[in-house]
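Consider the two complexes below, in which subunit A is the common component and subunit B and subunit C are the respective partners.
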Partner chain A sequence: MKKRKERIDRGIKARSSDIFALCSWKEMLYLSGPRLLPIIGFLLLPPFLGGYWQRVMLSVAVFALLAISWDILAQSGMVSLGQALFFGMGAYSAGVLNHYLGLSPFVTIPAAAILGALICTILLLPVLRLRGIYFSMVTLIIPIMLVRIIEASKIFGGTEGLSGLSSLPSRWVELYVAVIALLCALFGFRRMLASDFGLVLRGLNDSDRSVTNAGINIYRIKIQALLLSSAIGAFAGALMTHVYMFVGMPVFALDYSILPIAAAVVGGPGTLAGATLGACLLVPLSEVLRGIGGLRIVFYGLFLVIFIVALPEGIFHFIQRRYHQFDRWVEVDK
Partner chain B sequence: MFAGTVIYAVINSIILMLMALGFNLTFGISGIANFAYGALYIFSAYTSWILLHLLGLPYPLSVLLSILFTAFLGALMYRLVLLRVRGQVLSEVIATFGMGLAILELFRYLGFVGFEYTLPVFVDKSFFILGTFVDMQRIMIVLISTAIIAALWIFTHHTSLGLAFRGIAQDERTALTFGMDSDWIATLSVSLGAALAAVAATVIIPLGSISVGEGYDVLIKALAVCIIGGLGSTGGLVVAAFVIGFAERLTDTYIGSHWTMTVSLAAILIVLVVKPSGFFGKQKELEERI
Partner chain C sequence: MTVTSLLQVRDLSKAFGGVQALNLVNFDLEQGELLGVIGPNGSGKTTLVNLITGFVKCSRGTVNYKGRDITRWAPHRIVCLGIARTFQMVRPFYQLPAYKNMIIPLYSPRVKKLAGGRYGSRDAVALDLLEEVGFERDSHVAYKVASVLPQGYLKRLELAKAIALKPDLLILDELFSGLSLAEVASIVPIIEKLRQQGKTVIMIEHRLKELFRIADRVIVLNYGIKIADGVPSEVMESDDVKKAYLGTEV
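Take a look at the complex of A and B:
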């Protein structure tokens, strides 16, 4: 006798999907619980952590921001393999503004987010006409070549980089700036993707021909998506510059391109929450695995492959499904 | 002096062409952008080294075995991983990139770093051509590349398997109706691309040493040549290799060796602005690129 798995929405999901959800605490909690969990977790956890794990949390937030920035681009049909470009541009913008103009970090970080985003967008402008892997190829190449250019032209400190930059007032400020930025980006951009603009963005991914047919200028939309995404990446880079009080060629390193992609793929592409969840899992995992050194990157590579093949929807979608639905075995009709 | 620059520019161009050939072949036939290409290149070089120095096999045998191993690894990659995500471009790119990363970083972890990891040249000899010394290895590169290009041309135009390759490349569904197994052809194309990477490594590595960083460089160079030439087009590949090769060598001589990579980047960006499909990127130009 053959059986198949049948998935059915939980009763509470059906009840809480309309206005009557407001009648009961249980249903309101069902709706708001998953949203409150990351907010409460990120805001309340830091005081309970030691200095070392606070640093880990900071890098969780930074990589989650990069993963969100990757996910927004991937949503709009642009798969970037060079998130380090955004990160590095932001980092160098902040470093240069701070080192040469002596601006305070509270000015340089927002300024670098905007400046970095503008530079990245202008740099990628000719590439925007390309689709699919052509875009990926160029984004992979650019950060690696920029490293060579900095090395060759010796601008901004050349191979040594710029050190002795000013730091943020305390590590609490560093951590909470990162965490609050992450929460704002996560919920803000989730809202954006649910709006009409987000619909157009996802339309670009599905079929940009159809979007063109609807009378929408896809290049304009792509530029906007790129600007938003690179601003997030540049913000993360600018913040890390002031945390390390140093900016140099390592900001274009492959780590900043790979880990965000790994986080988004493991967590589940398409919902920014998946990217955040992926960063929350992978970054602490990589800290635990620090003992095995270079083997970590091997594991990232294998993680990517395994998740792409075995669980392409990612962990977040899996959890989401279990939360909303239950399944049971039923007989297959003859 | 100038003649010497030109000779070395030609050789440099041919090296670039050889590096990009396998990547371009795989993409042209099966549409898979093999981002593990640089890793396969390095894999074959280290395999030759291990067979040669640790197992003490003769040089020609170890080279032959390493090319076979690499081709097998390519086929394995397709059958185990790529087959399951075939057609989803994003997944293919991430999966191949992940595999390449794992292979390269595994070698780095195992401690294959240093200048002692080199392969011997085939014949230790050099010639005096037009006022410059050119060593035998570089001449061999030119000869072998020309032979490979010719062999590939004959293979794809005059053998039934080669014609099947081109059939799949032109229209997969129609090819299927003629009884060509597209999965099998795609496996062969990834495998053949890997074998070409191995041949390139065997011929080019004796000029320098094997390093993990080289794997990323080869991938970048192959991508640069393919983007400028237009993916899937062999003619474009040759032209692009010569454009980049000459540009690099001329900047090297007249501006400074630090700037060579910059020239390729500038070339890519300019070509993309002027002609997004590359020099000869005719294949599926409208659908895929813009």
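Take a look at the complex of A and C:
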């Protein structure tokens, strides 16, 4: 019997990038498999993990949220170096609402996501006209300025921060709130980026003059993107405030700005799934390398360089391409 | 000033530092007219378009459109009023397929308002518009990302994006530049069809032969000053225009 190679997506007639004609369960699985994998993985994995790795998974979800937040802004032509601003603003908003008003974490977390997003957007409003490195520099500087303001003015506990904040009912709630938020953000915002509004956002990245020339107020669109992006970051910060039961100046640390960018770049920018994949690789890698002590950063940096040099398109784009190129041997009818 | 003029430009001037790019330019444009704007390189043609469309703020003068002073309006508001333009250097959304490029103008408040919220599938409208400007329906060109399209298609895409906005006044900034004779010949009927639909057009061009075939009136700029205004045949007989294009004997 003669055989030949056939692409496994051969039966799927793709009219365009998002319209498919599916004729069998196998074809449906081919398309839905990669989407179901993260859902099943994130929802079913926690019971099989020990307490320490559950914490790592929580960190993965939080950094993935920050990486998604960064990716949305980058897609809109605003490359931020200050995700710590969003994270810290959400963290402080939740801390203040809980400490001074005694609100429950189930109220403070969503409220802080909204409040933090509003404050971040207002802070960045004057610089929305800036592009490229100029916008990036401002986003990098603002969290540093806020740290010094808290230190000098001693507001919200000053250098000691606010401690003794309410915690969520259990570590399972903490973990599943983070995981469900991540899955909602991942799939919700992927859908948004594929919508007509998402096309406008991506258009801003290519040429904001052309978007203006289409009769669209680019500042309004940028504000919407900034609100969405900062709400995700602020949500992550608010959640971590109640996980640690503490909020202080470390929430504006550079780690919360740099690691999400590394995750998005290593995973592959532009898809949000890449940012999530990057966080899933880099955060556990950082934990695994803890065992080697002082050389941890060296090896971590080395891994980053290898990933970026070997797969400049990002791991997600590489896997996606290979997945669509899979082929199998089929018998040729005589 | 005539009451029926669609566009009135009065004393429009722009200086970039010490360079006077446009100096006291005046003209009226009637509904349904096709006005050609010509002049040597650096004469202020694109500056004039940028001032009318709000991409650059003028140093002096006024622009009135349909009786409204739009001199210092933001560009997106001017588009929403019915003035669409193309860019001399094409500005497609390079990472998007050609038909997805069309979605962005179709998403504009003007199109939404004119369609009364019933625009149906934007993809279908986008493909229809691309076909109007010469993207063959049966080919895959409309589905290719803009970054791989040749210049001819990019110019057509630029035109389609402007047409998508259903403008009353269409400003085409050197649409023919970089195109072959055959490509220009295939675009001219599209512009003629737009005129039949009652659109008013301003064309900035260096391809004078093709422009004069379709223009009702031409104005000539030189060093930012309007040196001639009239029907094409008269304008080209003007000594000032000959001097501007050919220079003077040494």
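The criterion applied here is as follows: the second predicted complex is superposed on the first by the 283 of 334 C-alpha atoms of A that agree within 3 Å, B and C clash if a C-alpha of one lies under 4 Å from a C-alpha of the other, contacts with A are read in each partner's own complex, and residues count from 1 in each chain.
As a convention for this text, a contact is a pair of C-beta atoms (placed from the backbone, for glycine too) under 8 Å apart; a residue touches a chain by one contact, two chains touch by 3 or more.
Worth saying up front: this structure is predicted, and the values here are computed from it rather than measured.
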Residue contacts on subunit A - larger count, subunit B or subunit C: B
Which superposed partner A:211 touches (first subunit B, second subunit C, both, neither): second
Touching partner for A:331 - first (subunit B), second (subunit C), both, neither: neither
Partner chain(s) touched by A:133 [first = subunit B, second = subunit C, both, neither]: first
Partner chain(s) touched by A:258 [first = subunit B, second = subunit C, both, neither]: first
Subunit B versus subunit C as contact partner of A:196, first or second or both or neither: second
Where subunit A meets both subunit C and subunit B, residue numbers: none
Residue ranges of subunit B touching subunit A (in the complex, touch as defined): 33, 35, 81, 84-85, 89-95, 97-103, 105-106, 108-109, 216, 219-220, 223-224, 226-227, 231, 256, 258-259, 261-262, 264-265, 268-269, 272-273, 276, 288-290
Subunit B partner contacts - residues on subunit A that touch it in the complex: 74, 79, 81, 126-127, 129-134, 136-138, 140-142, 144-146, 148-149, 151-153, 254, 258, 261, 265, 293-295, 297-298, 300-305, 308-309, 312
Interface residues, subunit A side, partner subunit C - complex: 16-17, 196-197, 199-200, 202-203, 205-207, 209-218
Residues of subunit C touching subunit A in the complex: 53, 55, 74-76, 79-80, 84-85, 87, 91-97, 100, 103-111, 122-123, 143, 161, 165
